[in-house]
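In the two complexes below, chain A is the common chain; its partner is chain B in one and chain C in the other.
Showing the complex of A and B:
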């Protein structure tokens, strides 16, 4: 078997913030009725987290769960455990009208960290990223320049960005330009 | 700039995060309807200067369709509401009446 590699294989860039492609991340899209107890238990068993409310993200390291829409969650699990977790989830959800699909290799994940991380993202997304409006624990689906992306904060200086794998190189270039040395705006 | 609040994810989404989906509350006429009805459904659209109802999709967000009531002249937004309805809800109509007394749109007022 060939080794799976992530979209940009840990490419990184240092500017006013550090931009890294964070490597393989297990990701499962779950669609269904989010108030369903069976679904909640399947999510809890896979991640140890409860079902997030509107725009919430409960993520620790590479395990967690993010709210994507009123009927969609993104479940994050370590890449190595993906098949086992997905099988358990599919099994648990067999009796309800719900769907769990492995989307790991269809996505790319970036980490943007540093004092100016907020600024780097704010240059690219039409989103209020001031500390009053956006905090760890929240997720926002929006666009980065011309492509769709979702991001949340791991801590006050670190963002994690998820985009389609086919747009990974574009997003990396965008983040690099936004993180160029000397390009601080100083709003946040 | 047009800013609409997505009723599904609660985000105040700026226009570039959304896709416009044309006029709201069209009644579809298909097989069995008269040629005139089908013609009107296909081609006849409102083009008001003032209060208008539209469909929008939060395409770079939660991906859901929703409805918006706004003024085409000032870009003032009166309200956004769920896509699962065939006519504007009362509170949206009231919000419009408060700002644009005497408005009417395709038989709604």
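Showing the complex of A and C:
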């Protein structure tokens, strides 16, 4: 097998925040009844996490689970373990009506970090990113300027941003513009 | 003459001189000046010319309401026309040019228009330019183009040097306006714990109270403001921004704030403007009030200025607009200007007060030695480029028995109008206040939010309170009310008490003198920028314009870039008088955002250059780009149209690719095709409803081509469906259809068939998909090794999972070209590596990448339809001869019922045929076929149109498809397609399959 390469192959930029394409991330879209015990167990076995509630994200490093919609989760696993984890999940879910599908390569993932990271995101997403309103443990499916994106916080000044792979370059350029030197807003 | 005073100027720093230029002349100002104050300091009284008559124009105001002092600011990539000098902060190296004159500001040919004023009355556009018809093109339009218009457009080769951005912000209470009312409101709201944002359009807090003075809680007002600002700055729940204008108030508490970050220091790092996109639970508009001009003859001569503006220039910037000043007023506030001028030693020659008896402030001014004439008015101001003298008369009368006095500046005050714009943007209503002669917000009818309650509270003078004591009390109450409405408990605090000089009631004066004769009314300006005079509005009324909105458009009153901030109330008062009606009955025109013009850059935000629009890229995008791709936009994707080699035209490249794919081997990046996973116990049933043909019966491992119709029966998409396992299907969509069809599926599942057990996921971008096409397709795959792709192991319209070379893949044996063809899907992150491997292995088999045009030609040679070419939203499968794909076994599917409607079964519907010119040429794209006779409009009757047309290098001639009336019954007939090149194309109707009719090439 040839070496898989992420959309921008770890490109990075330093401005008022640091923007890095963070490489390949294993991702499984799970659709099903989120209150189903079988599904909850499959999620727990794959990630060690419970099923998140609305707008919650339970992520440690490259493993975790994010709420996407009332019947959809995004399960994160290390890229190298994807096939094994997906097979285990598919197996565990075989008795219930659910869908688990690999979307790892359909996405690009960015890390946006630094004191102004909140402001950089708030220039592009119509989301209240004040510390009172948005904290680690939460996720928003929203947009960055003209494309769909989702993001959560790894810690108090680090965001992880997920977009479609085809939009990776657009999102990287957007984040660069939003993080340009001298553009601190000074509110967060 | 206007000049800098020796003292005064609380906003300027005399230790920091600034050099700037106006019309190429170098001038000096100080840090803290506005361009307007600096121009006045340099005795530049005249700053531009008016729109219609090219009359000399001087600075008339000191803020956002300024109609006259518009300049072209900056140079080259930073040049911007129509910038208000009164809101432009001075900086070193600023360059400004005046506008609307030719050849120069001092000498202007267009000013001859003023002599023609009698022939350019209200509505002259509508009256003059109707007859005779040819005059428009040859006489009127060239004349108007030469003489009309304000600033110059930037040079077409220049590009904005700056960047811009948006910022999304959320607040419980947003206070717009950082004057004393806004500051007090913000504090009252913030004490409740609410999250408060306070924005101010100028660079300074405190507003005009700091000019007008007074005391609050026994303290001088400037100390009070200083303390208030520092208190707010220490509160964690308060965000404060200067140079940030509240531009518009919209539904659901959405407000736009326009922050000018570097207009006062161009070229500094970071964005120039930031557009704040604010969601506020409650909005407090503390936007102040604007003084009204008085309507007297010659009120537009440079040197005539609002009384409040005149004292702003004195107090804020240490500039006096004149040395000998006459003041005209109908209220006490203007006396503050007399006092301010006297205090700096300017000679105030006379105050004419329309009121029969002047109030207590008049007495104070008399004490300073200024003559005050009650019951008097200005009949006329004389002077061209600056004021020379004024003629005074009685206010009651027609303007006779004038006394002439020499002066070089006139201050006028017609009373104040609350700035109700932001209150009104989203539907707040106004009431007329007779005592003060203004419209103010009606607190009973605020703009309503989603729950039916008001979400805007007006505060201070924008709420109609003009005295300091009332302003503070009202603002305090407004802040508390807004906090309460936002769900907070306001602190039980009382407003500090404000005190200012006592004022006598004003008198509503709309014309000066009251019965001014027509010669005076023709020179009494209402709208300075657009040249609308009292006589114009009166004429409009006589001609039957009763609605204020119609009068506005007929006369152009209030239609200039200042949107009538000075002129609207005066104009509609004249209209009401002319109609013998009341002002509130006539009503106002609509207040629309933005409050003052905001830059297009700010509206666009980050969307320019690289990120103007998203461009979607496949994993092989860079390879295509490096290998000559001539790009074609397909939705937001970019796909190679053809790969152009050095020395080739695009057409040459297409022809080469078309031949090579049929003769040897072509590879196509098909990654953009939509891929939707549909899974669940009811997935088969669901797909049977979505596709016109049967999908539930498809065997695992097999593929089937399917059509999708809307519920109205029209074709919306097509593609190959593969059955993955018992419960799972993979549906290919068109490139442009992936998101749309995904949404279509979700909509039906969520709204109609919510109880069906089906889940859908869009996995389009998970895969890089490559079409391997041509007689050598199998050979190249076999050379790479891995799974068995032989005719028997992987028959036509089947798929297999396996390995090709090193790559895990899914191989589909499908063909859109009529050739032996595979589509190989690999994980996107290995797409480029797979493409490279194919390309290397394909060298000995004559591999060439091909683009979308080749794809189109190959499918057209085979008569395959393309969604978006053969379909346009009005085409049904029956039109395209696709009856075979319409299931007769199924009880129902989307579109089935629609297909039985009378119009859908009409035998005269145009139907798909092949088209071939008699001479082998290519029919122009979009051409229509003409039949016998003409229609009701005298146009030739149409009998068909071309849907796809190409040159086929394989066949050596033009081929096309089209929809023709009774087409399939007319095989062999010749019909005519007139081209736009004056040629009439004679075209034979033929079978749409031009190449390999029996499908032998793909069946190997």
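Rule of thumb we're sticking to: the second predicted complex is superposed on the first by the 188 of 188 C-alpha atoms of A that agree within 3 Å, B and C clash if a C-alpha of one lies under 4 Å from a C-alpha of the other, contacts with A are read in each partner's own complex, and residues count from 1 in each chain.
Rule of thumb we're sticking to: a contact is a pair of C-beta atoms (placed from the backbone, for glycine too) under 8 Å apart; a residue touches a chain by one contact, two chains touch by 3 or more.
The shown structure was predicted, so the numbers you read here are calculated from the model rather than taken from an experiment.
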Partner chain in contact with A:141 - chain B first, chain C second, else both or neither: first
Chain A residues touched - chain C or chain B, whichever exceeds: C
Which superposed partner A:80 touches (first chain B, second chain C, both, neither): neither
Touched partner set for A:164, first chain B, second chain C, both or neither: second
First (chain B), second (chain C), both or neither touched by A:180: second
Which superposed partner A:126 touches (first chain B, second chain C, both, neither): both
Which of chain B and chain C A:69 touches, first, second, both or neither: first
Touching both chain B and chain C, residues of chain A: 126, 128
Footprint of chain A on chain C - complex, ascending: 163, 165-170, 195, 239, 268-271, 274, 277, 279, 605-607, 610-611, 613-619, 637, 677, 679-681, 757, 759, 761, 763-767, 806-808, 827-830, 832-834, 837
Partner chain A, residues of chain B touching it in the complex: 8-14, 16-17, 59-64
Chain C-touching residues of chain A, taken from the complex the two chains share: 1-7, 24, 29, 31-32, 71, 97-99, 101-107, 119, 122-130, 132-133, 145-147, 164-170, 173-174, 177-178, 180-185, 187
Of all residues in chain A, those that touch chain B in their complex: 54-55, 68-70, 72, 126, 128, 140-143, 148
